[in-house]
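All chains are identified by letter, namely A, B, C, D, E and F, in their written order; residue positions are counted from 1 within each chain.
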Amino acid sequence: MKLIKAIIKPERLDSVKKGLEEIGIYGMTIYEVQGRGEQKGIALQYRGGTIQVDSIPKMEVNIIVKNSEKQKVIDAIIAAAVTGKIGDGRIFILPVEESVRIRTGEVIRDE
Amino acid sequence: MVLDTGTTAWILTSTCLVMLMTPGVGLFYGGLVRRKNVINMIALAFLAYAIVSMQWVICGYSLAFGTDISGFIGGTEYLGLTGVGMDGEGIPDILFAAFQLVFAGLTLAILTSGVAERMKLASFVVFGLIWTTLVYDVLAHWAWGGGWAAQLGALDFAGGTVVHISSGFGALAIALVIGKRAGFKEINMAPHNIPMTLLGAGLLWFGWFGFNAGSALAADGIASSALMVTNTAAAAGALSWLLASSIHGKPSAVGMVSGAIAGLVAITPAAGFVDVWASLIIGIVAGLLCYRCLLWRLTKGLDESLDAWAIHGMGGLWGAIATGIFCSPLITGGNYSGLIYGNVNQFLINAGDAIVVVIYAFVVTYAIAKVINMVMGLRVCEDEEYLGLDIAAHGERV
Amino acid sequence: MVLDTGTTAWILTSTCLVMLMTPGVGLFYGGLVRRKNVINMIALAFLAYAIVSMQWVICGYSLAFGTDISGFIGGTEYLGLTGVGMDGEGIPDILFAAFQLVFAGLTLAILTSGVAERMKLASFVVFGLIWTTLVYDVLAHWAWGGGWAAQLGALDFAGGTVVHISSGFGALAIALVIGKRAGFKEINMAPHNIPMTLLGAGLLWFGWFGFNAGSALAADGIASSALMVTNTAAAAGALSWLLASSIHGKPSAVGMVSGAIAGLVAITPAAGFVDVWASLIIGIVAGLLCYRCLLWRLTKGLDESLDAWAIHGMGGLWGAIATGIFCSPLITGGNYSGLIYGNVNQFLINAGDAIVVVIYAFVVTYAIAKVINMVMGLRVCEDEEYLGLDIAAHGERV
Amino acid sequence: MVLDTGTTAWILTSTCLVMLMTPGVGLFYGGLVRRKNVINMIALAFLAYAIVSMQWVICGYSLAFGTDISGFIGGTEYLGLTGVGMDGEGIPDILFAAFQLVFAGLTLAILTSGVAERMKLASFVVFGLIWTTLVYDVLAHWAWGGGWAAQLGALDFAGGTVVHISSGFGALAIALVIGKRAGFKEINMAPHNIPMTLLGAGLLWFGWFGFNAGSALAADGIASSALMVTNTAAAAGALSWLLASSIHGKPSAVGMVSGAIAGLVAITPAAGFVDVWASLIIGIVAGLLCYRCLLWRLTKGLDESLDAWAIHGMGGLWGAIATGIFCSPLITGGNYSGLIYGNVNQFLINAGDAIVVVIYAFVVTYAIAKVINMVMGLRVCEDEEYLGLDIAAHGERV
Amino acid sequence: MKLIKAIIKPERLDSVKKGLEEIGIYGMTIYEVQGRGEQKGIALQYRGGTIQVDSIPKMEVNIIVKNSEKQKVIDAIIAAAVTGKIGDGRIFILPVEESVRIRTGEVIRDE
Amino acid sequence: MKLIKAIIKPERLDSVKKGLEEIGIYGMTIYEVQGRGEQKGIALQYRGGTIQVDSIPKMEVNIIVKNSEKQKVIDAIIAAAVTGKIGDGRIFILPVEESVRIRTGEVIRDE
């Protein structure tokens, strides 16, 4: 299994959710985070000076998927989250060793 | 007539109550915007109040209440409050000026609905000063300062035209000029803090008693009756909107208090003229009507963001017309009567007055906004809007 | 006696002040519940106020203040406020009706403590209308409308029985019918927003001056004395509860303001009758007593969730009895005197009255709640309770 | 002179308004501290008010308003409010005592700025009781109770020296004794909830009308004029600070309301003595001056944390001096005139009085704080400060 | 080492903490999250229609443990968090390469 | 690539950001969390008794770095976050398989 961590613009969350639903992915966990990208945030012009605003609110969506579903989930997120502008965010993929459903205690392993 | 301490006490109190409505509007609106704009939204209310406070003592009061010039505007004799003294009839003249000041400040604060989450602070200051001078002061003169509407006998007890139609249609006009918020109708712009909005609504309801019952300019039976009908219309509006919204979806808490405000707006011009049954009808209709107007503007894709138009504009229009319908000779000591008492005239005058005010407020606001937009720009840049005005305009954050 | 502008000014003001207590209760309670129910909790206060506003003008006022029928309830002559005019003794009759209205609205809002985080909105509307009619209006008639308690000479200056015992014991009764919140005493149900509760407490303290000093129905020495003892009892209650809670654990901020409210409740029936020393004692005892009652109901596993019973019910009971104890001939111009001035009678009458009201309020509320529970259900379903009423009942979220 | 119902109504109302300023200060300050101390900060305001309420009825009122002893303090005849009755001149004596009480409570609440986020609760109670007795009561006596300042003819309409200089310089003194917050100037201590601060500011502005216009002790032209100049100074202060802060960086919303409060503070001693033009100047200067003082204390590394010194202390000092400058014979019916009307005397007396009060307040507060610090410690321990006082002092959390 | 990410009902947090204390596990980091499970949230009946509430508040507890402790931690969490109802949550196990204690700079590796 | 999860005192966040900037690291994602360390929080003396406050607010900074940058990032964080007192926090290092830039869709792999 993989953990897909997608850091996206908050206003794209709804469309990401919808995009994932369309490919049958429902389970996810969502975090409100502050992000700073490689551009160091956004520079505002102010009275001749410039103020750098880093720490921009983002949403992070975590999805655990089977290895086989990884690529289609990434594609769906990109399709739903992309605006083409700076700050669109990142997706990171981490390996997951196992997963347990608390309600039933059932253990899921994949690969 | 000499000063009356009881009346003076009540108008002093009413002035305080109406003053509190401005932060009330700020909180009401602040809860409805996205988190990144909440400080700015509340700050706009304070800013509106502060600049109008200056404008009013310098020239606004005189333009509204100075000697009538052609039925259109007041003269300049009270510039700088010259000659506005501590004596007066019933209440000191300077108290009357203060009581009127808090209305003017509030009106501009209501109008910020139309530019929520996207207006430049400096442009707002310029706009606010010009708007108050060219729109508010003029309308106040028409209705209360001896202008043509007053001469014709149009009735506006506490500001249905002056405060609500002006700010509501003004908000619509400036919203059209400034344009929609980025992502409007695409992204989620749900209220970020509904308890804050409910608190604001509570302060508004509270303050409105000063607004309407204070407009009696006396601590008497009219003031008392105005208070009772004000409360009744508010409650009726709250319940009718709640019911309507619960048929559409869920009974929304924001809807309930929006309905209360719709009721309060609609009863405003009528408060000293109608009985409790009329207020019940006025409130119920206001809740339903303003709710429909809100839905309509949404389907039309109009981003008059916080619904000053639907609630204040349309509620005020309905109230002005309703005053012509329900105005009761029993309440007014036989001085006035409305359509249901057989007086078509009052109805026509009030409706006509309201329509003229709608047009004047909309057109003049539109023109002012257009000009300022050309000269200095109304709108923050894209990045600033994206980051939110709290950080972009104030360098502050929740 | 003709209208007095000063008195009218003060009662207009007091009406506003008491009105603000309803959002105050909403915020006080809203801060105490879990985040998922905060909107609903505040909305219940507004809803309570709105429906009672309707009920009151339609029938409530008449049932409470119409001509006495057998000492139990008022007649129907004021239905729809017919004949409640702009003249009156000291203040306009319609102002008296408005002043009484805000008390009725507030009382139902206080009672929502007993159903916090779990009541169906529609059932609350039905319950609220019936409860106000069968409990509040009746009790108001007994105490202030010329009912048997008034005839006997029971003293209730501003509503210890009518407002506080009724809502406190009513809350307990309905809490027993609706049942505990899922997970009560197992899961953490700590207040989610104590600053909101403190704000609510501030508004309540502020409004209570209108509640108690306004109940003098005059702007005079009694009103002034009532204000002073009200403040003293509130401060004393705040400090005694704070101290008691700091011996038990930590000096809780919620405890401090709960103590203030306990003091305010207890001084309510006594406000126009006792001197400042008596108010000090009343307040200190109220803080300690209500705190003990809160602990007691916790050990008993009673989920009267936000302690209207402990604070309003028991505080009101203590206040009613204390009025019979401390009522001072010096304050009342010799008209009344209590136990410590040798008048056992007043003590017995007040205690007897209070006990009858406790029983009436509890039993009738219990019965109403039972019937509504059978007919339409009081409680939301399990999933809705789990999700929280903000989203489940209103489709809204903080 | 007998009781006047109108005047009584207005002073009852003003008492309520000023009472609300205490939670207002709590919210204003609560929004400015870090999240972990917000409950404590608001609770301190309530606690200040509660203990002063006790102190005032027991001895404070008598010390301030009892028969003058050597120009320094009042006698003991009113201990326990003995002889403070329901009759009086214009208003009942007990109402006067209540009106003065709310000022005393508020003053201690303002002072908590200097100990924000680091004071022990028990020490605060002890400090508060002693401070109110040795500083507040004494200063109130000097200015209003017939003390030397009153005898000399120093003018302080509503408490520039008594309330603002005392609390502002007191805050500075205790801040020096208690020491800086851990990490001051190293770590981010930005306000955690600016909307809460804006709400607090709104309540303060609202309540200040009662503070200043109520200090006329009448519902008359002076009260009305005081209200108008109060509002003007507030608006002017808001705008001048906003402008100044926007030149330095961004136009801060906290800055705008801080400026409003600076204006309100500065107009306080002058409110019944100056005309609207003077209030405009007083307000503008207050905004600029207090902003500079804030920057200065920051560069000096003084942790008078929430700027009671910069705003109340220095604003009050400026106001006291400005009263001596702008005091107008037209407003005061020829009774008083200031520097600009050629009366150097009034200027010197007011300035001298203000300086004496600055020294007295600073020195005595410093001494009290030192002694308490030695005896029981003013400051919480390191871990408690790190965790935040909400959890450490109250066991509560947002 | 392993990172144990447990997404649980907020009202079970206290008992999970207690359960872990009992087996001697104190260190943990807690996140407030919004979760959507495979059931797509909870369906509310409303006036004949149905409203789907996804995004339900959850708590996520992260615990870094030695490999050898992994199983007993999982068991303790399940025991403390299970109610048997939908929405009880999930546990995910991720590999961790090393851990550093900032105060001392000491590096901990395990396997 | 590695995911560096650093749990630090909130008041050190600014200096950690600055420290990372100095070594050219801008991208990061920040979470507000509650933490409990091995000391079980802080014990407050109270009226003779003791109250244990666990769940202390912390900030978690997540940084994805190339393997080669891992060590200097860890060092920079420690240097900026250390106060030498209890509660300074931890750093955990997890393996990351790949990373995607949403704006461009570009996939980054490392090793």
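As a working rule, a contact is a pair of C-beta atoms (placed from the backbone, for glycine too) under 8 Å apart; a residue touches a chain by one contact, two chains touch by 3 or more.
What you see is a predicted model; the values in this text were computed from it and never measured.
Separation of chain A from chain C in touch steps, taking the shortest path, is 2. For the pairs C-E and A-E, the larger set of C-beta contacts lies at A-E.
A straight line joining the Cα centres of chain A and chain D is 51 Å long. Centres computed as Cα averages put chain D at a distance of 44 Å from chain F.
For chain E, residues touching at least two other chains, in rising order: 31, 51, 94-95. In chain C, the residues that reach two or more other chains under the touch definition are 4-7, 9-10, 13, 193, 199, 219, 250, 395. Partner chain B is touched in their complex by these residues of chain D: 4-7, 9-10, 13, 17, 190-191, 193-195, 198-199, 201-203, 205-206, 209-210, 213, 218-225, 227-228, 231-232, 234-236, 238-239, 242, 249-254, 256-257, 260, 276-277, 280, 331.
For chain E in complex with chain F, the residues that touch the partner chain are 1, 3, 17, 21, 26-31, 64, 94-103, 105.
Across the complex, chain B is touched by residues 11-14, 42, 44, 51, 53, 56-57 of chain A.
Looking at the complex, you find that chain B touches chain A at residues 36, 183, 186-188, 383-384, 386-387, 391-392, 395.
Within the complex formed with chain B, the residues of chain C that make contact are 3-10, 12-13, 15-16, 19-20, 22-24, 26-27, 30, 38-40, 42-43, 46-47, 49-51, 53-54, 57, 80-81, 85-88, 91-92, 94-95, 97-98, 101, 121, 193, 196, 199, 219, 390, 393-398.
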